[in-house]
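I've put the structures underneath this note.
Look for chain A in each of the two complexes below; its partner is chain B in the first and chain C in the second.
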Partner chain A sequence: MSKKDIMGEIAKANSSVIKGVDKSEIKHWANIYIMGQRYEVPADLTIMQAMEYAGFRFIHSCGCRAGFCGACSTIYRLKGDYRLKTAMACQTRVEEGMFLVQLPFSPAVKPRWNIEKTGYEDGAFLAYFPEIARCVSCNTCTKACPQDLQVMDYIQAALRGDFKKVSELSFDCIQCGMCAVRCPAEIVHYHVAQFGREMYGRYGYPRNAVLDKRVSDIKKGVYDKEFKDLVKKNKDELVKIYKDQLANKDKFIKGG
Partner chain B sequence: MGEEYKLIGGYPKSMRESIKKVEATRSKRLKTSVPAMSLAARDDVLNLCHPDYHKEGKRALKIGVNKGDLAPSEVADLIEAHPLIDTRSVDLKKIDIDTDILIIGGGLAGTSAALLANDNGIPVERILLVNKLRHGDSNSIMAQGGTQVADSKEDSPPIHFIDALGGGHFTNKPDVLKALVSEAPVALQWMTGLGVLFDRMEDGDFVRLPGGGTSRKRMHACKDYTGMEELRVLRDEFRNRKIPCLEFNPVVELLTDPGTGKVTGAVLWEMETGEYKIVRSRITILATGGFGRLHIRGFPTTNHYGATNDGVVLAYRTGAKLRDTDTVQYHPTGAAYPQQIVGLLLTEKLRSMGGQPVNVNGDAFVYPLEPRDVEASAFIKECYVNGLGVDTPTGMKGVWLDTPLIDLIKGKGAIENSFPGMVRMFKRFGIDMIKDPVLVFPTLHYQNGGVETDPEGRTNIEGLLVAGEVSGGVHGKNRLMGNSTLDCIVFGRISGATAAEYIKKHKENGDLSFKHLERYGKELKEAGIKTERRAPILLPEYRGKAVLQRILDIF
Partner chain C sequence: MKKIGYYPGCTLKTKAKIFEKTALYTAEKLGYEFIELPNWNCCGAVFSLSSDDLIHHLAPIRNLVRVQDMKEGAFLSEETLVTLCSMCFNTLKRANIRYKNSAEDRSKIKNIMDTESAYQGNVSVLHFLELFKSIEPGSVKLKRKLKGLKVFVYYGCTLLRPKEASLDDAEAPVILERYVETFGAEALSTPFSRLCCGSYQTVNAREKVVELAYKILTSAIESGADAVITACPLCFFNLKDIQNEICAAYPDFKGIPVAYFTELSAYALGMDPGEWDEEPGFIKTALAQTGEKKIKR
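Right after this comes the complex of A and B.
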């Protein structure tokens, strides 16, 4: 098989992902409702892909398309059900009878803090986020979280001033804002979590002496001569250094 | 619903049959592994199967500073195109925003630049960060594996330098690479000071892992959410300082002084309302990221929605020099199934921790940690030359990445603890990657080249700095894992400091004009390029064909 065939075949196999799905290839369909209007879409697509198939071109409500950025928050209800559900449009397959609305922002307030000057003490959470004391433990935030985090538990940990627990429980937060939108106590959970993680990252560990020394060595010019020599070398000499370095790597990276 | 639609643990029957073969060979593969390729064997597979070694996908640029240089056709199409706006309908006399430093792009590079400009004495109200989408919607936030920093006792910046130089086939700009590796420990100290939570051991020391092409353990990760954690902390600091920021306002053209050619501002276009704004700046930092959404050679991509090469297109029109435009990085392990997540990144760390590539028969066929270009080519060969790939229901092919091996090697719970993001993503589509392998195929990942930079972030055009993926030179023709987030943070910081110094020395504003576009238009004409194409494209087009064919543009 020639090279051209290979690349052509790959492009052909990927065409539905790159150029959008073709109607003739679709075997299974679903009816979804976008802002009240019904659209028939391929049942295999995510909510985001299905809306694009239906003709919507995203400006808001679409970011990384891979579940990391929290831009595509979606609230939906299924036909015949009364409950409102939440999802990330890029990570959720469409279902028959979905009534959808996109929520590009949660218009929440963020208190400002100065990481240098804020005291690493139990009461810091309440000083910046007094509203967390109003938490009624209804667990609505946890149910709303598309990352399946234990949101209510980290708010309770914040009330106790437990920076470590807040950091661990909230680490995978993509800051989509669904928790804040659903909370009856008007708590902005993801900002509470951000504050807790930053404080723990800054003050929860002892300063790293090895890193500090490396930085001060660099500033003192400890490596300047070595670099000066390296930059002068020709390609063959550099290739040799590289090969030697790689040949000896096992004793340093074993047990990776 | 039909028979073929029924899935067992997320997979159709045909793929389940292949998984049984993978399971049958697993215990044997635990003890043996395919040896690494010789340099000659690497060259063979690259020549046969790597998209970059296939000249038909590229062409020589017909105009501009880099005339004659090869670039992917998709990139050349955007360079050889007309401006997006009709300049006659834009009034440059009314300046809407007057600032000292304009930063274009809000990923790790742009955000770091804003913070360092402020640290170096520029008041926040004299800085403006503009974004095409939201602040943080970027490739940075999607980075999983880690950030390389030579901070351990057995490591050093010169060792890091040599690893990156070899990985880049000795084509990196040495002075720029030296700045990258020397500033890496400084950047790590800065990030931990702002509260970035890197993976730590019980005693508080950093967890360090090896990556493809590193001779030391140098990867600093935040689980598999490294870029997200770094970005959300830096962005929060940015917000705490109240640095001005505009979202959904892409730059559609840069402005230049008609006399000196210096970059003096930009035209913003508010996506929601269609209104334009004129920004005058004394220095501009371009941090617009890469080009994955151009789907070079028809590949799916790991990149975010806005990765459309805007920065390179805009800078090139002002006369900025590019380099290494001929190379594209394909990541070996993009998701190949299910259809909903095709192309999304499965971090190299999965192979660092023991995951093995396996074909349809359950046989290992390649050393798991070859350089990215070699590994990707071997996957393509297995699928399209040897015919031993796994077919998906939508006609794609892929090879298995045997993830259950990781728990067997590293102990139960290793996958869940190290890859919560990946486990979650597959679980959403009914697949348990702790029990079952996942299907992978190479995906378009990174723009190796870009606007040529010097160690201070400067380009050949006065008033225009670059940082991050849009820049070219630091990685040469191939980037190693963990050097991209590092590039963004280090050169974001450096460009912010360079900009601040520049502002202190240059008090004059230049005039605003589109003069560079007149020259560009003339070049297009003289090169005989007759085209309707306009650039930058800002966003890719994924709307259904059926709809696009029947759109009436009347409102």
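Right after this comes the complex of A and C.
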């Protein structure tokens, strides 16, 4: 596909943004219910796009629109299904018969912790989050997680003070709070996970020797002269230095 | 080496690390590779004992589902789960029995677990001791001699009761005695070997536990034992860690070393005593009896 064709495709895909939706071009429609009110929307939209199509304007519960920030938590149910499901509105396509509720935020409690004053010990999780001992392993949190994390498993790891496992299993958490909202034991999983990652990063994760050396060099002033010289240079000199470095990239990388 | 599913439980990862360390050492020396379940959850502790409380059975059953998954993925030689803590053993085994025997409970549990894989009911839950019950005493090559060391075996409750979950004859068990003899020491037992230590009452009625522990340990001392062994981290706490409280309540009480049964086997098989955070009392006695003065480190 030529460059011109690609641009044409992109323009076509975004035409609804520029010109508004041409209803005659939409082949598939879906009925969704927003706060109990029915709306007919193009079936290929995400929940967030569909709500905007229906006339809602997000002044809250909408952040990155890319599945990273965790702001657009949605609870929904499908017609004929008893399960309450969870999703990120920006990442989930509408389905026929969706009953939608946007969750502005999860008002879960967050204890204050100070990792410098907390011992890297088995009992640290329980000291800040005694409610994790109430986990009955029902796994509801795991089923609620829109990131498909093994939430219950990291709470179980927290119970036995396994900081590494908590960090690894919770790494992709976007803190949407669905786990905490659904938990029958009132556990605040995502805060437990954040505490675990901070502690593991501070005490458990192996130090990077290269980074330590570079930080200590900077503190010793090894690069001070070079920095001082650099800020005195004019634009042309800086461009020349930059280009020289690019041309000798390998040398700089090898030199560490 | 035979690959076998291994369930440690919380206490072995926190308060009873030496129990796990010595057990893994023993198992390896005797030809077993223990594969710890990658994502195990709580065994269910003792909550699952109430009959209408099926939600607490999800924990043990899910652990068994994971053994099933591991066997399917060929990570294990058989659908067997071995555990060490007697509380975990009891909970896992009883939940397993209940799941197998009650169609109604089975269907309720499946319904609650919903989209998770269903447990087929084929996993056998074994206690560590059961793995070695058919080993002939002479067939194990021992590095250290424990000859003359008299060991009082303490079963407690959860290895033996209820009857259907017992790892041996619930009234007249011999499995711990045989284990002790396999590793070259002399086993002693009295009816107090099977008396409850007071268990969780240690939290809210410590004086009852002190009384029970006094009776059990006095029975051990009177039988002529040099040390007491147990398989339960809670019994271990009640019998060992509160001995100073027993001394305070019963001035005639002299005290006796308490160890996990795996400490005995790991020591006999040659584990470096430097591996212990605190050298168990039986080692000192064993050294005195064999005439060895110092352990080579």
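Observations, loosely collected:
One rule holds in what follows: the second predicted complex is superposed on the first by the 199 of 256 C-alpha atoms of A that agree within 3 Å, B and C clash if a C-alpha of one lies under 4 Å from a C-alpha of the other, contacts with A are read in each partner's own complex, and residues count from 1 in each chain.
Just so we're on the same page, contacts are C-beta pairs under 8 Å (C-beta built on N, C-alpha and C of every residue); 3 or more make two chains touch, one makes a residue touch a chain.
Worth saying up front: this structure is predicted, and the values here are computed from it rather than measured.
Judged by the touch definition given at the top, the superposed model places A:Ile174 against chain B, while chain C stays out of reach. In the superposed model, A:Gly67 makes contact with chain B only, not with chain C. Of the two partner chains placed by superposition, only chain C is touched by A:Asp122; chain B is not. Partner contacting the larger number of chain A residues, of chain B and chain C: B. In the superposed model, A:Gln156 makes contact with chain C only, not with chain B. By the touch criterion defined above, A:Val136 reaches chain C but does not reach chain B. Touched by chain B in one complex and by chain C in the other is not one residue of chain A. Residues 1-2, 4-5, 48-49, 51, 53-54, 56-57, 133-134, 136-138, 141-142, 150-159, 161-163, 165-166, 170, 174-175, 178, 182, 185-186, 188-189, 192-198, 200, 204-206, 209-210, 214-217, 222-223, 225, 227-229, 232-233, 236-237, 239-240, 242, 248, 271-272, 295, 297-300, 302, 304-305, 338-345, 352-353, 380, 384-385, 394-397, 420-421, 424-425, 428-429, 539, 541-548, 551 of chain B are the ones that touch chain A when the two sit in their complex. Of all residues in chain A, only 122-123, 135-139, 143, 150, 152-153, 156, 159-162 touch chain C in the complex they form. Looking at the complex, you find that chain A touches chain B at residues 1, 3-7, 9-23, 25, 27-28, 44-46, 49, 52-60, 62-69, 71, 91-93, 104, 110, 112-115, 147-148, 167, 171-172, 174-175, 194, 197-202, 205-206, 208, 210-212, 214-215, 218, 223, 226-227, 230-231, 235, 238-239, 241-243, 245-246, 248-249, 252-253, 256. Residue ranges on chain C touching chain A, taken from their complex, read 10, 13-15, 39-42, 44, 47, 55-56, 58-59, 62, 112-116.
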